[in-house]
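What follows is a pair of complexes built around subunit A, which joins subunit B in one and subunit C in the other.
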Partner chain A sequence: MIHYVKLAYRNLGRHRRRSILSGLALALGTALLLFIAAFFEGEMRSAMETTIRLNTGHLQLQDADYDPDKLSVAWEYLIEKPEQVAAQIQTLDAVAVAAPRLIANGIVSAGDEAVGVQIIGIAPESKANDPYRDGLVEGQFLTAEDRDGILIGYPLANSLGLKPGDRLSLLVNTANGSVDEQVFTVRGIFSTGTTAYDKGVVFLSLAKAQVFSGAGDRASLIFILLNDREQAEAVAAAIRTPAYQVKTWRQMNELLVLVNDFSNAYLAVINLIVLGVTATVIVNTLLMSVFERTREIGILAAIGMKRRQIIALFLTEAALLALGGVAFGGALGWALSAYFGEVGFYFGDLGMSAQMLMQDRIYTVLTLEAAINLILTAFVITLLAALYPARMAARMEPVEALRGK
Partner chain B sequence: MEVARLIEVTRIYKVGNVETRALNGITTVIHEGEFTALVGPSGSGKTTLLQLIGCLDRPTSGKVIVAGHETTHLNHNQRADLRRSTIGFVFQFFALIPTLTAYENVEMPLLLNGKSAAERRKRVMELLEAVGMVNRAHHRPDQLSGGEQQRVAVARALAPYPKIILADEPTANLDTQNGEQVMEIMKKLNRETGTTFIFATHDPRVIKHARRIIALRDGTIIEDQPGESP
Partner chain C sequence: MIVYLRLAWRNVWRQRRRTLLIAIAMGIIMTLLVFYDGLLGGFEQAIYNNAIQLLGGNIQAHALGYNAKAARKPLLPIHNPNRVIKAAESHPDVIVASQRIVTGGMVTNREGAFAVSIIGIEPEKEALITPVAKTIIQGRYLQPEDGDAIVIGKGLAIAMNVDVGDRLTVVSNARNTQTRQRTMTVIGIYDVGVPSVEKTMIYLSLAAAQRLFRLEGQATEVIISLRRIGQEPTVIRALSQDLPEYELSSWEDSFPELKETMELKTSVMVMIGVFMLGIASIGIFNSLMMAVFERTREIGILGALGLRPFEISLIFLFEGVLIGLIGASLGAILGTLLNAFFAYYGMDYSAFTTLTEYTALISGRIYTQLVPHKIMQHALTVAIISALAALYPAIEASRREPAQALHYV
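Coming up: the complex of A and B.
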């Protein structure tokens, strides 16, 4: 075997520039594969984590008749004594945080501008609101006692020209089907890094939202985050009663799961294209090598080299080329993914729906599993591609090959 | 003892609709230890005859028996096995592997025969010494003269202790001095090892070394007589 490696290595060295270029093509292909995989992984993780953290949570407990599409605050659709319910759920070991939220439709207006928003009443002290608290850009966060303050997102504040201390008018659809309007003071401006979300929601303290919308002491849902999202089904089963429906993050993010599956298929197609192009380069290099060395193949056959040994020789050349290319490409892909994993890509407002929220900046994530899979695939595809020229060399009749140049 | 027997061997090449009869009913026997020249003008069938004895090609009809094996029906791998164990080749062009040194070129058939490192080393050095190439052992073909390359090729042909060495115009690309040197080496190795040498040539300076001369014309043996060489 060592002799094949030695011979193959020297053969690759005959046309050093060609071999380096072929190895480089394979390296770039491999790096591209890793980078694309890291980008998709980062994108999907960002979408899933952002959507769960901001919008759906891992679980939502709702009244059995609640319809999240209507966002009605009519009493029959709401949870009574939500603080007590949340406190009970919070006692479960698997639950990291459980907080009541009241959600209603409304319109914010300031000056001549008016924007439709989702009004969310929150228990300000709950850890469930950390993304808004941590993302506070200006002003202060709400307190439970705040009856006048409103928290708005940075893009909304920007479009309405508002800053902390400014006044805005908020219109709400109330529990009895009418509308009410009140003036609020902008207490703080937050940014979660997800423009699509930040421009469409405003926060009030739960108590104020309940009074304002006429929901009494009720809430639309209990927003629940778990220590481990894979426990969602088990916890849902534990807290589900005939009066309440419990939705898991999978159920609430069906679109996202579908997009994830679709992106995997999409990724597979991209991988095939990249690998196809790379394999073509390798086949081309080895074919040129076979044509140039026809007489030499004849000599090897004349001194008794068997077909499988000739195949092995060319496959060893391909393996060396693949090893160098894939190793360099793996390192390059890893370095690129690591760099953009730190720095990220700024995409801005992608205009996604509330069912699929994405950060304005996407950070690449290269998993070890994806890296190993892609590197091995690139290596194996290269060897498979090399079979064609290797077999072509082996199938030459010695007498014909000896006549070649 | 015979090492090769050809019985009514015909070889016809077909290119498109055109048939060329390279050999036409050749029957002959080659015995162990012979130093035989195949002579004749270009196109007389010398190379084709060597290729058939060397199992590089198959006859269109007739039988080729090499070292007791009827080769006509052997498959690709069986023919490769027979070549590896029984036949050595020396070609007109200096057919060395360009990426290997002289030493490694001679070593290659021994590697294919699965010889141990110690056996290989002993045999390669013995042969390089026999052809006067020990001091050039670690040079690659492009660092050797034509005569030196051909001497390495002779050493390589002899490496696996073959029964027959087939040499196709071995001196055609060499100057007189180098050609003479290569012939002397082949003759010496023939005498010392008893290996059968069959070489194709139309060079009278080479023919004079032969102990048997088979003359071919248009694919037929027209004369088979002892040579002048003792």
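Coming up: the complex of A and C.
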């Protein structure tokens, strides 16, 4: 066996330029496959992470009858004494942070423009609000006592022409089914880097939102972040009671799962095309080299090499080539993914809906599983591609092969 | 000159096996590249086309001065909309052009108030293109003679707790900031799978909107739907000559965020395509170079017969171009056939996924596009690479002493 490897290695070395070019084609193919996988993975992860962090959390505790599509603040749909409930959940080990939020439909108007928004009452000091606090571009964050301040997103501020200190009028749908309108002062402007989200929400302090919407000491939900998102189901089971429903990030992000599935299908087709191009290149190069080496094969056969052995020799050559190409390609793909994993691709406002949020920048993520799968696939495809040329070589008649035609 | 071309042509067919092998490989590779581009175009249409139609067509025509105040959706009537419609519909790339009244407003009922875009449409015309007509889940779509009837999205229906037959109050400002209010009946509910859109777009018939806003016989915009995304610039150019007194904007101007998403997404896909072209180039270069080095002896003979290195290189250059052209035409034909097949029958995704139904905005079936300009580009690339790949070893071999080249094994 080691014999074949030595022979094959020498054969490859004898045509160094050709071997290097074939290896390079294979390497580029492998690198491309890895990079595509890393890009799509990064895109989906970023979407899921962003949606969880900004919008859904890992878990949400809601009243058993609460309907997130309605965002009703009628008392029967709300959680009573939310601060206490949140504090209780916070004591669990798996929970990183739990904070009450009150969410209502509203309309912001400034000048003669009006825009529909979600009004979110937050407990300003909670760590759950870090993404908004860290994303503050102008002005200040809310405080728990703030009775007049409102926090708005950068795109909204931009389209309405608002700066911190400006006043806007906010209309809210209240607990008893009527509407109330009040004037607020823009306290701060935030940007989470996710335009689709930033243009559709405004923040008030929880206490103010409760008074404004007539909800009293109640909240729509407890927003929960965990230390490990895989524990979502276990924690959900622990805090569920007949009075409450607990939704996990998986349940709340069904649309995202759907889109993920769609892009995986898309990915499969593209992978096939890349593999097809690479395989064609390999088959062609190997075939050409078999024809070129007809005389050499004739000599091998004439000195008694069996067909099986000739096939084995050519396959070993292909395997060495594949090994080199795939290894180099793997390294290249990993380096590319690592680079763009740091720097990211700028992408503008992705995602048209608030159900699927994306950062405006995509960072590639190469998972070990994907890397191993793709590298193995590239290797196996190369060997399969080599099978036909190798058999072609073995089928030659020694005498005719010696004559070179 | 013609002599060298003839020589090259004979050489190409003397080595029939080699020529076929390389040309077929080139053909297959080019087919795959062309198919990739066709697929890309198909994805683009599948993902963005419905969204564009839903947001308001490929091209919008407004009265002059509209764009300055576009954010406010002013009720600025467009002069003689029928002229725009006639001009647009005579263009071959236009599917349909129809007039609309679009403005912002609110709908209210006992559940509260919600900010929406109020859109008065010509139902029978828009039915051809809008996803709204195809995704009515309750009640029915609008008809031209509908009076105080509206079609709303599922998201809004849930939030406002209404069903078909329930009544809502529509509030908006007519011209001169005069508030108009009218109670209307929900006759249909659509579901495009994107709650944020469903919550903010309500539709009524153009006639009803004209009455509501006191714009009898008028409209605020004409929307123009095209066969394909990407035809906007040509159509706008053609139309703006006939219609100087209108502001024509494409969806790219009206919804810049959608355009940005699409462009950047596409640029990554194009990058992948370029990468693949690189792989293909290496492959083609390699095979052709092998084929020429194999013939070092032949080059020696040509040298011994008195051809100068330049002339020998010329023959091989022609050979490379000829083989490249054969391969490229093969690829162009096969690629176009493949694209045409999937453009007609569509590619079902179910083989790659467990889900076949996506939201109404993303269809699960992809129809590939014919991509003539891409084919030309690829054909040219293949021919050039092939010429270079033949030239390089030929120059090297032709510089050798003929006697030495003759001894090359």
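In this text, the second predicted complex is superposed on the first by the 376 of 405 C-alpha atoms of A that agree within 3 Å, B and C clash if a C-alpha of one lies under 4 Å from a C-alpha of the other, contacts with A are read in each partner's own complex, and residues count from 1 in each chain.
In the analysis below, a residue touches a chain if its C-beta (ideal position, glycine included) is under 8 Å from a C-beta of that chain, and two chains touch if they have at least 3 such contacts.
As the structure is a computational prediction, the values presented were derived from the model and not from experiment.
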Subunit B versus subunit C as contact partner of A:G304, first or second or both or neither: first
First (subunit B), second (subunit C), both or neither touched by A:Q84: neither
First (subunit B), second (subunit C), both or neither touched by A:N227: neither
Which superposed partner A:L71 touches (first subunit B, second subunit C, both, neither): second
Most subunit A residues touched (candidates subunit B, subunit C): C
Touching partner for A:T285 - first (subunit B), second (subunit C), both, neither: second
Touched partner set for A:T143, first subunit B, second subunit C, both or neither: neither
On subunit A, positions contacted by subunit B and by subunit C: none
Residue ranges of subunit A in contact with subunit B within the complex: 3, 7, 10-11, 13-14, 295-296, 299-307, 309, 397-399, 402
In the complex with subunit C, residue positions of subunit A that touch it: 17-18, 21-22, 24-25, 28-29, 32, 35-36, 39, 67, 69-72, 105, 107, 112-116, 159, 171-174, 177-179, 195-196, 200, 255, 258-259, 261-262, 264-266, 268-270, 273-274, 276-278, 280-285, 287-289, 291-292, 345-355
Complex contacts: residues of subunit B adjacent to subunit A: 51, 54, 56-57, 76-77, 80-81, 83-85, 88-89, 91, 93, 95-100, 108-109, 111-113, 156, 160
Subunit C residues touching subunit A - in the complex, by the definition given at the top: 17-18, 21-22, 25, 28-29, 32-33, 35-36, 39, 43, 51, 71-72, 104, 106, 108, 110-116, 155, 158-159, 161, 173, 177, 193-197, 199-200, 257-258, 260-261, 264-265, 268, 272, 275-276, 278-280, 282-287, 289-291, 294, 347, 349, 352-355, 358-359, 362, 364
